[in-house]
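Sharing a structure below in structure tokens format, with a few things to ask.
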Amino acid sequence: MMPPWSDVIKLALSQDVGRGDITTNALVPAGREAEAELIAKEDMVVCGLPVMAEVFRTMDSRIRMLPEAPDGAGVMTGNTICVVRGPARGILTGERVALNFVQNLSAVATLTRRFVEKVQGTGARIVDTRKTTPGLRMLQKYAVRTGGGHNHRMGLDDGVLIKDNHIAVAGSITEAVRQVRETLSHLHQIEVECETLDEVREAIAAGANVILLDNMDIGTMQKAVDWAKGKVLLEASGNVTLANVLEVAQTGVDLISVGALTHSAGSKDLSLRIKI
Amino acid sequence: MMPPWSDVIKLALSQDVGRGDITTNALVPAGREAEAELIAKEDMVVCGLPVMAEVFRTMDSRIRMLPEAPDGAGVMTGNTICVVRGPARGILTGERVALNFVQNLSAVATLTRRFVEKVQGTGARIVDTRKTTPGLRMLQKYAVRTGGGHNHRMGLDDGVLIKDNHIAVAGSITEAVRQVRETLSHLHQIEVECETLDEVREAIAAGANVILLDNMDIGTMQKAVDWAKGKVLLEASGNVTLANVLEVAQTGVDLISVGALTHSAGSKDLSLRIKI
Amino acid sequence: MMPPWSDVIKLALSQDVGRGDITTNALVPAGREAEAELIAKEDMVVCGLPVMAEVFRTMDSRIRMLPEAPDGAGVMTGNTICVVRGPARGILTGERVALNFVQNLSAVATLTRRFVEKVQGTGARIVDTRKTTPGLRMLQKYAVRTGGGHNHRMGLDDGVLIKDNHIAVAGSITEAVRQVRETLSHLHQIEVECETLDEVREAIAAGANVILLDNMDIGTMQKAVDWAKGKVLLEASGNVTLANVLEVAQTGVDLISVGALTHSAGSKDLSLRIKI
Amino acid sequence: MMPPWSDVIKLALSQDVGRGDITTNALVPAGREAEAELIAKEDMVVCGLPVMAEVFRTMDSRIRMLPEAPDGAGVMTGNTICVVRGPARGILTGERVALNFVQNLSAVATLTRRFVEKVQGTGARIVDTRKTTPGLRMLQKYAVRTGGGHNHRMGLDDGVLIKDNHIAVAGSITEAVRQVRETLSHLHQIEVECETLDEVREAIAAGANVILLDNMDIGTMQKAVDWAKGKVLLEASGNVTLANVLEVAQTGVDLISVGALTHSAGSKDLSLRIKI
Amino acid sequence: MMPPWSDVIKLALSQDVGRGDITTNALVPAGREAEAELIAKEDMVVCGLPVMAEVFRTMDSRIRMLPEAPDGAGVMTGNTICVVRGPARGILTGERVALNFVQNLSAVATLTRRFVEKVQGTGARIVDTRKTTPGLRMLQKYAVRTGGGHNHRMGLDDGVLIKDNHIAVAGSITEAVRQVRETLSHLHQIEVECETLDEVREAIAAGANVILLDNMDIGTMQKAVDWAKGKVLLEASGNVTLANVLEVAQTGVDLISVGALTHSAGSKDLSLRIKI
Amino acid sequence: MMPPWSDVIKLALSQDVGRGDITTNALVPAGREAEAELIAKEDMVVCGLPVMAEVFRTMDSRIRMLPEAPDGAGVMTGNTICVVRGPARGILTGERVALNFVQNLSAVATLTRRFVEKVQGTGARIVDTRKTTPGLRMLQKYAVRTGGGHNHRMGLDDGVLIKDNHIAVAGSITEAVRQVRETLSHLHQIEVECETLDEVREAIAAGANVILLDNMDIGTMQKAVDWAKGKVLLEASGNVTLANVLEVAQTGVDLISVGALTHSAGSKDLSLRIKI
């Protein structure tokens, strides 16, 4: 089966290539071969090589990619990450889209690794959010795993998270949990977003399996953990940075979600050195 | 006709909503109405409201959006940007995807505006590149225009840019320009990437219309401008930052391309305050 | 957003209508109006009216449907279920596909209700399986809910069920549960398929949340329930019929899955009486 | 060209696999190979092996299928129908969808064969209807042929069947046949649905090529056959069962259409025994 | 349901409009309204107005079209065919694609009408072939009907035509007809392509319903008609022109097929006069 | 990447083959091989062989095509253009669609070559227009290049052409050019449609790069050329025929656009001689 990211690869290529690469088609003969090396221009955790391979395969099924550093490897400035060989037209035309993917995904994996390393030894999992770049959900979630993080739910359909607006409609946390449990498949846990310790207590009493501690200060968070640890899973969420993530982890929470992993990772510097 | 970004909106929604929002569907009755305000959590140039409107319209055609600050407006922390009204399910389920779009596009527009303001009065245009987020090409190019920048080519099919590899295959800049001119539509200009003053001279002699000054230091760039200004358009490219863009502009180049506008703009902080 | 079943509606219509209804187009003027009543030809739980409405809306957006008995209602032979009004061409051309949906979904809902009624008072949930008709996954799962049943996982991506082959690869139940837990999102439960009491014990010790009791005889199932009830959820599976489902439920299992709900429900007899 | 059923295969796989098989992906290494045997758990006419092959090929192009009993073969409980070899992930993930197809199609072929055997020697053809499962039109029509039946029209665009509502609009059978003949391609026959002998006579006089004897009792049907046999083709339709089909055939009708072949065939019991 | 030509309309618009009409978007404000008249620049049978309407509706759902001469009407140079009103951008951007459709379809309808008029009174039908412009099958077949012609089969799936290569494989006309009859739905006629009178006789004896007289000279054709008229339908095919079609018709053939109706009709001259 | 014409190939095949070729499938065994020769039935410039190859490859990936005369070659009546080998079913079923493409594209290439030959030595380029057959834009533009012509813009998004309506909205040519230049990418030229010498002068003064001389008589055109030659590119447009194209070219214009190249080229006579 096509990997779940073939849609966004086709979309990106159609946006960039459109009716055809008029420069390359005018100058590079159809039979010409080329070889290219993907070079790190800064230190990073590599991510996205299978995507790059599929970009080039989509351009021309004869292009071959030989990875030297697999996804998840840490590379340093100047390292060769992989070698690409095949028809020059396909390589030149696909280059930019391939790089656009790898640069973003490597940035996500690298940033995730930094968060993960910060909390090493605390037992807390770094998890992502649904604040992903539109179209890149599956890929950025993969990059988070590549960097050593864990995935929160993939979408609105494979996990329950009861938020303030849901509670407002249901009338109370207790009622919201009850209603969801009534129809929910037995394979799902129920997570409830709480802003106060009272809400945490009500959610646990109502049978929630996971509590999201929403934007709590460290003191309140510590009290929530002291009281609830072991009864349910506890997720810290809101304004977590590299500067404060260790402090958050040391409260004893089980999970720390970080939106910046995906929405603000930016782009790692990589270049494709082509010999033609 | 569907706007050229309806594909990525559908893709993003299908990735997030999948088989349906199991939390909202369990808790919010189909007939329930809601109202929401989009609030700026930091200062920014707003961009993406029509996209947000289409996300919500795709969720439920009865959802209406009333903009208070249009795309391109500068807003400050706490400002209300628009109001959304309609069926609560559609608003709750579409919220995250709508925000994911607006947060990225506003970041691109805001960063672009900062670059544009830096070079104000110099006559240089700030232009984007093809280093856009996969799937968001049309939208990020729109955000660049919203921020006051200009677009470089949209893709490989609507503009010619002859790069080093093309020149290597053709044998020389002169030959490359000649071959492209031979087949090219009369409505296109020809741009050539040059690294040295000799290359600039050869490109102009060959009939190039635009010269991309690739990673030149300011001194070399100044010489290129002094010699070529007015004969062709000159584009500065490579390692342009907010710190050095004015110096680049003051050389007299016509265009300054900045990849970071799209690949590293990150995300602006916005929230949707829902009353249900 | 289009309901998650618009794909199969479009597919079914394109398969039936193809290049156009050559009989109706030759005989029925474009402006002709018609009215039709959907009549039950046997007793049943109605299911599929929103699908029927969308079939007709897809044929002609001017066709209106006025339900008299909503999805989930029990109707008797001769009852009118809904009234359809609008352009005659669209009604005549869409009739067969609309009925094909409603006949199958009402059969699924009706059969589910019979199972649910059999176990009433025992506390056991009747749940479906992934043995659905290809293309009708979402619709038949909806029909199961309409009949009073509950859904098991919707697909392979929103619930974990560790089966014998998975255990064989992992080496043991213990190891399989451990490996899955390692990477699994914290919002998922883990279910393990067990054939013996020893396996049940190992799965629970390993931290499984749900045990599927696979094809166990009533005696063994009873022992499993006596031992494990309350520690985990217990699902009975395999060869459950209307004749034996009560006996199964009386063991105290929490869930009883029945493949026949979807793969062998057949078709309920309904007709569309058209006045033209 | 893709077979006309690749659409429904892709739809069924996307509904079941969604974002990926989270159990198998967590437990089965990418390189692991497996072998599986498709075993009949009851007697049946096999149908759907090419579909099963395409399901697995769609999962992973390296999976190979070696049929032992081809489509149309009668197999008995315990017989091996085919062997599947290849990457274990693809086999485990595709198993359920593959079985869902083969179980339904084998049920259709088996039921068709029973009807065909009942009327053997009478000269009557068993034909299907448009009462097929939504999305499975082409496949179930193929299964009917596999079971020895014949296909009625494939859809509304490749055959003319004038029904009561069409006649009502045209004013009379005579007028309806005339109007259709006026525009119809010369390659189509015209079939008219008749409920009485008078209608049969009018249809034949009007130039119909085929008469559908709609829900006639055996006596009336016999009179229609005695009068019309040889002048036109005669199709018996309505409430035909295995119990009465021979009696219907013995009236001398040319065709007997049976909706149950496709809408109520249910599912044959088959299992995929996997060695990993 | 979308008309069966919405695919080619979307394809044509995407090929022409691509990322957007850069001239119109730069110069025409979004709110500007326009009115346009479709004017005949030569005499013709008009065809394609519903297609034109859908092109403009696809561009902008607010554009309205008011036909003055319906499809099938004969118009003269200078006549106004319809009026278009709505947002100027949509009208300007959709103009060329709309005209491209109407110009071709009106040419097909006009040429068909000339053939039809030539044979008026002879009883022969003018029919089209499968020699249609790729992508325009349904539309050009519609234009043939608009011009007064009849359609041969729409494709390879809704009519049987046994050609020389089929006969070569089957061994003889007799065997070919027998084999097709064996599996063919009872709603189809069988047509056989014959080059000699012997073949005509064999085909009729074998039970063919229609004979295609392939490239026969008038004398041979006349003999075929004299012998076979009334037993089967007779179709003349091959090198039929406006100059010889009457002579062909006077042989008494039932059908005359003309490939040129669709593959060589060219384009009628029409212009859209826009007031802005 | 799929060539930009795979969409129209799939559309054409689905329109012709639909649910399957019922004649060929009934008569030609799946394993049967065939060989076919594409023969020119009149003199022509061949165009479309890669399209033909893809049509057959889409039918059956085992079909191989061996070209004898490549696209662009001039062939004479009776010449063999290519040989096709592979499964007979795919060849017979794909034959008509393959021919429909090649017949139109060869007609476009042949007509283009005749125009190009007429103006040889004058320095004028023959260019196409947007008056292409809906769906065939990319292919007919390719055929024009194959015949020795050049392409005008491919669509509304890759070239600017300011027409009378645009000028009416902007207020003047000067203002229109100014506004477009303001936002236009620096890689595009600006072309303005002019009907009088005054307009030509205004357009050049405003900074237009190309002037379209719209329907000018030869005398006026000559004056425009005498005045503007060398300052801008000059395109003659309107009512250009094989009879007058040389006279137009001799005025000294740079480009001559001919709508008839694509909208009225018709069809070249070719046949596929199949040995089975």
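Chains here go by letter, A, B, C, D, E and F, matching the order in which they are written, and residues are numbered from 1 within each.
The working rule: a residue touches a chain if its C-beta (ideal position, glycine included) is under 8 Å from a C-beta of that chain, and two chains touch if they have at least 3 such contacts.
Small disclaimer: the values here were computed from a predicted structure and weren't measured.
Colleague: Could you name all chains that are in contact with subunit A and with subunit B at the same time?
Modeller: C, D, E, F
Colleague: Equivalent interface to B-F, which of A-B, A-E or A-C, with over half of contact pairs matching by residue number?
Modeller: A-C
Colleague: Taking CA centroids for every chain, report which one is farthest away from subunit C.
Modeller: F
Colleague: Tell me which of B-D and D-F has more C-beta pairs in contact.
Modeller: D-F is joined by more C-beta pairs in contact.
Colleague: Let me have the rounded angstrom distance from the C-alpha centre of subunit B over to the C-alpha centre of subunit E, please.
Modeller: 46
Colleague: As a quick test, compute the distance in whole Å between the mean CA positions of subunit D and subunit E.
Modeller: 33
Colleague: Report, in whole Å, the distance between the mean C-alpha point of subunit E and the mean C-alpha point of subunit F.
Modeller: Here subunit E and subunit F have centroids separated by 22 Å.
Colleague: Residues touching two or more other chains, restricted to subunit B: which are they?
Modeller: 17-20, 93, 138, 154-155, 157-161, 183, 188
Colleague: For the protein chains shown, what form does their contact graph take: line, ring, star, complete or other?
Modeller: Topology of the interface graph: complete, with all chain pairs in contact.
Colleague: For subunit E, which residues are in contact with subunit B within the complex?
Modeller: Those in contact with subunit B are residues 13, 17, 19-20, 58-60, 90, 93.
Colleague: Under the touch definition given earlier, write down the residues of subunit A that touch subunit B in their complex.
Modeller: Going through subunit A, the ones touching subunit B are 7-9, 11-12, 15-24, 26-29, 32, 34, 88, 92-93, 96-97, 99-101, 103-104, 130-138, 154-163, 165-166, 168-170, 176, 179-180, 182-184, 188, 260, 263-264, 266-267, 274, 276.
Colleague: Any idea which subunit E residues touch subunit C in the complex?
Modeller: 1, 4, 138, 154-155, 158
Colleague: Which part of subunit B faces subunit F closely enough to touch in the complex?
Modeller: 125, 127, 145, 150-154, 157-161, 183, 185-189, 191, 210, 233, 235, 254-255
Colleague: Which residues of subunit A touch subunit E once you look at their complex with the stated criterion?
Modeller: These residues of subunit A touch subunit E: 18-19.
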